[in-house]
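Chain lettering (A, B and C) follows the sequence in which the chains are written, and residue indices restart at 1 in each chain.
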């Protein structure tokens, strides 16, 4: 597969965000859905396992940055990469812990096992009153102090957008690396017939875990970029918001699960649909999203790009992975 | 040289002893046909060799190693390939992609070599022209051939064939039989084939036959001898096979 | 000794938890479908209780039966719209569709009834047992839940329908071969399952005086799955007994965590419950006991 088109799109958007900062927040909003869809795709799209606790990975990323900024003062600008690294590590660590146990389970049991993860961690943070507890962390003053006011605002406005787009781009790269190697074949086998795959020599737990941790890490990066850097705050009610997994799945299914360009198309359509609903019928976005996901899963399970690809000649299919 | 040794394996499902103390040996490049009616324990035996089930008693020794506790994917890496009775292709992948899965994970080849091996296997079974078709679109006979190609690409020392003749026309059966014989003679690949009907094919194909009934082995030996054993005649055939 | 009141209250609410879980366990047992929209039907039941009481002065036990009928109808609808078309499409599709359905229902509720928390109070007095005060409304709710659980169990063990259900659970193809209308079994199981859940939602409101809101379902989906897994997916009495255990666990856990000085003992108890779920799925996915 040739990832040039998707990568090109992300680079182009990054340039626009940098050059025309007035559009940065808009791009960030659209890109959030694109990147979320890409990250979700790497796990749910490639393995066809559903993780209902997925949002916890976004939260871990956000808390990584939040914790470093709040509890480790004096790091200056270095706090940002350190915080993001911590966030990604926490997300990956959570995926490893949950995955090591839950990925041995099959389909529905795995989904059940994950239902509790998001809520469980949120309840733990609130219940044990760590990391700001139910009140969350407000990062603006810490960011002004550590980075300087100008830089902090720049980061919140343009920097976070570029980071979000970077997440999407990294997700494309990850998909490319996965699909063009042994893992691509393994995951294709696992999602089509896991029992047969195992009999053929595929250690399914290993590959599922790999996809899971990659997906989680990217989500952690996204959460850090969008919430912590972009909004300068981390509230449990926001970062553990269960609707994000629905958003991610909407984008993924709309564009096409297991495709690379799918989430880009899906993200754009999804964002503007939500925006439109917001003006025509305010408050109904979540309802429409849920309805949309429901309809797509029943009627157009391959998504737009997925269905389109079936009708393309092989050469064109390569360019629209 | 003994490739596979099955020692007194027992598998129980609740109160039922599906496999009740079966022992045999298989040499390298040898073809063994396991004959028996439905419920005699053939598929369970295959599953025990493959690792899908673990035996309640007894051992399975492959290439000198005790593999009784190994999961299926590790046994595959040691040199076992399985073709399913009901073909289980990956329907959304192309024919060659299907075979490559076998080559990469069963055979342990790297991606480039796996493609070569896959193409060769497809040529061997006669599916090369259809290699870019989606597997879900093949006919039943072609799916059987695909199963074989995939098993073959896995670089097996032992092929486990689960009633691969079922549902095929006599001509198609003949073709597969000859194919498998070639594999034994040209490549030294051993095979265990579960057979229910098609006695003629069994006789042509196998070096040795084991007859199972209610989980036990009731006769063993070269085809003419085992199939004409009085116990077998009584239980299964009704009259001597000619 | 101070823990005894918590133990008893735990049993009482556990009875309701058990009732709420019955439907989930039944649907999974028969259709092998994990109904991740489960909580939204609990929510609907809660609103039935609320409106029944505030609009028509309907005592909750009466409203419960109304909710049962409503739930059965809803269940049939859900079956035709969501379950039947997706049974063949693979686990991912059906889980996602049900998840979307659950959120859809919650959002619709929010749009129709508003996001505010609602509540009502229905009291028929209380009983003093020494230091312990038991509200009769809650006790009645718990007893009704027990009665329904027993009724459902008898339905499954003693009737033709029940035998058909068990046949389908063991071997759907074989059941068809002997003439059982598997489709009808699926439909009825879904309808009854959701009906019982909705009814549970009504009785639940006896315990959450001001907690009725469109998003309340989520936590009960979670709790029900924990209980269903504990009791063995597909087992009615298993789900009920596990519900009792869970109620006790939550209640006693609350007591223990507040003793230990946690500011949010309820939350901590829930967190433990989720850990418990993971552990059970790992080590004893068929449930803690055989019923």
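The definition used in the following text is that a contact is a pair of C-beta atoms (placed from the backbone, for glycine too) under 8 Å apart; a residue touches a chain by one contact, two chains touch by 3 or more.
A quick note: this is a predicted structure, and the numbers were derived from the prediction, not measured.
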Which two chains have the most C-beta pairs in contact?
-> A-C
Argmin over chains of |mean CA - global mean CA| returns A
Distance between chain centroids, defined by C-alpha means - subunit B, subunit C (Å) = 48
In whole angstrom, what separates the CA-based centres of subunit A and subunit C?
-> 32
Gap in Å, rounded to a whole number, between the CA centres of subunit B and subunit A | 44
Please list all residues of subunit C that touch 2 or more other chains.
-> none
So, in the complex, the side of subunit A touching subunit B is made of residues 181-182, 185-186, 188-189, 192-193, 195-204, 314
Of all residues in subunit A, those that touch subunit C in their complex = 44, 48-50, 52, 98, 101-102, 104-105, 107-109, 111-113, 115-117, 119-121, 123-124, 126-129, 133-134, 242-243, 246, 249, 253, 283-284, 286-287, 289-291, 293-294, 297-298, 301
Mind listing the subunit C positions that touch subunit A in their complex?
-> 28, 32-34, 36, 82, 85-86, 89-93, 95-97, 99-101, 103-104, 107-108, 110-111, 218-219, 221-222, 225-226, 229, 262-268, 270-271, 273-275, 277-278, 281-282, 285
Subunit B - residues contacting subunit A, complex | 50-52, 71-73, 76-77, 81-82, 84, 88, 90-93, 97, 100-102, 104-106, 108, 111, 132, 150, 154
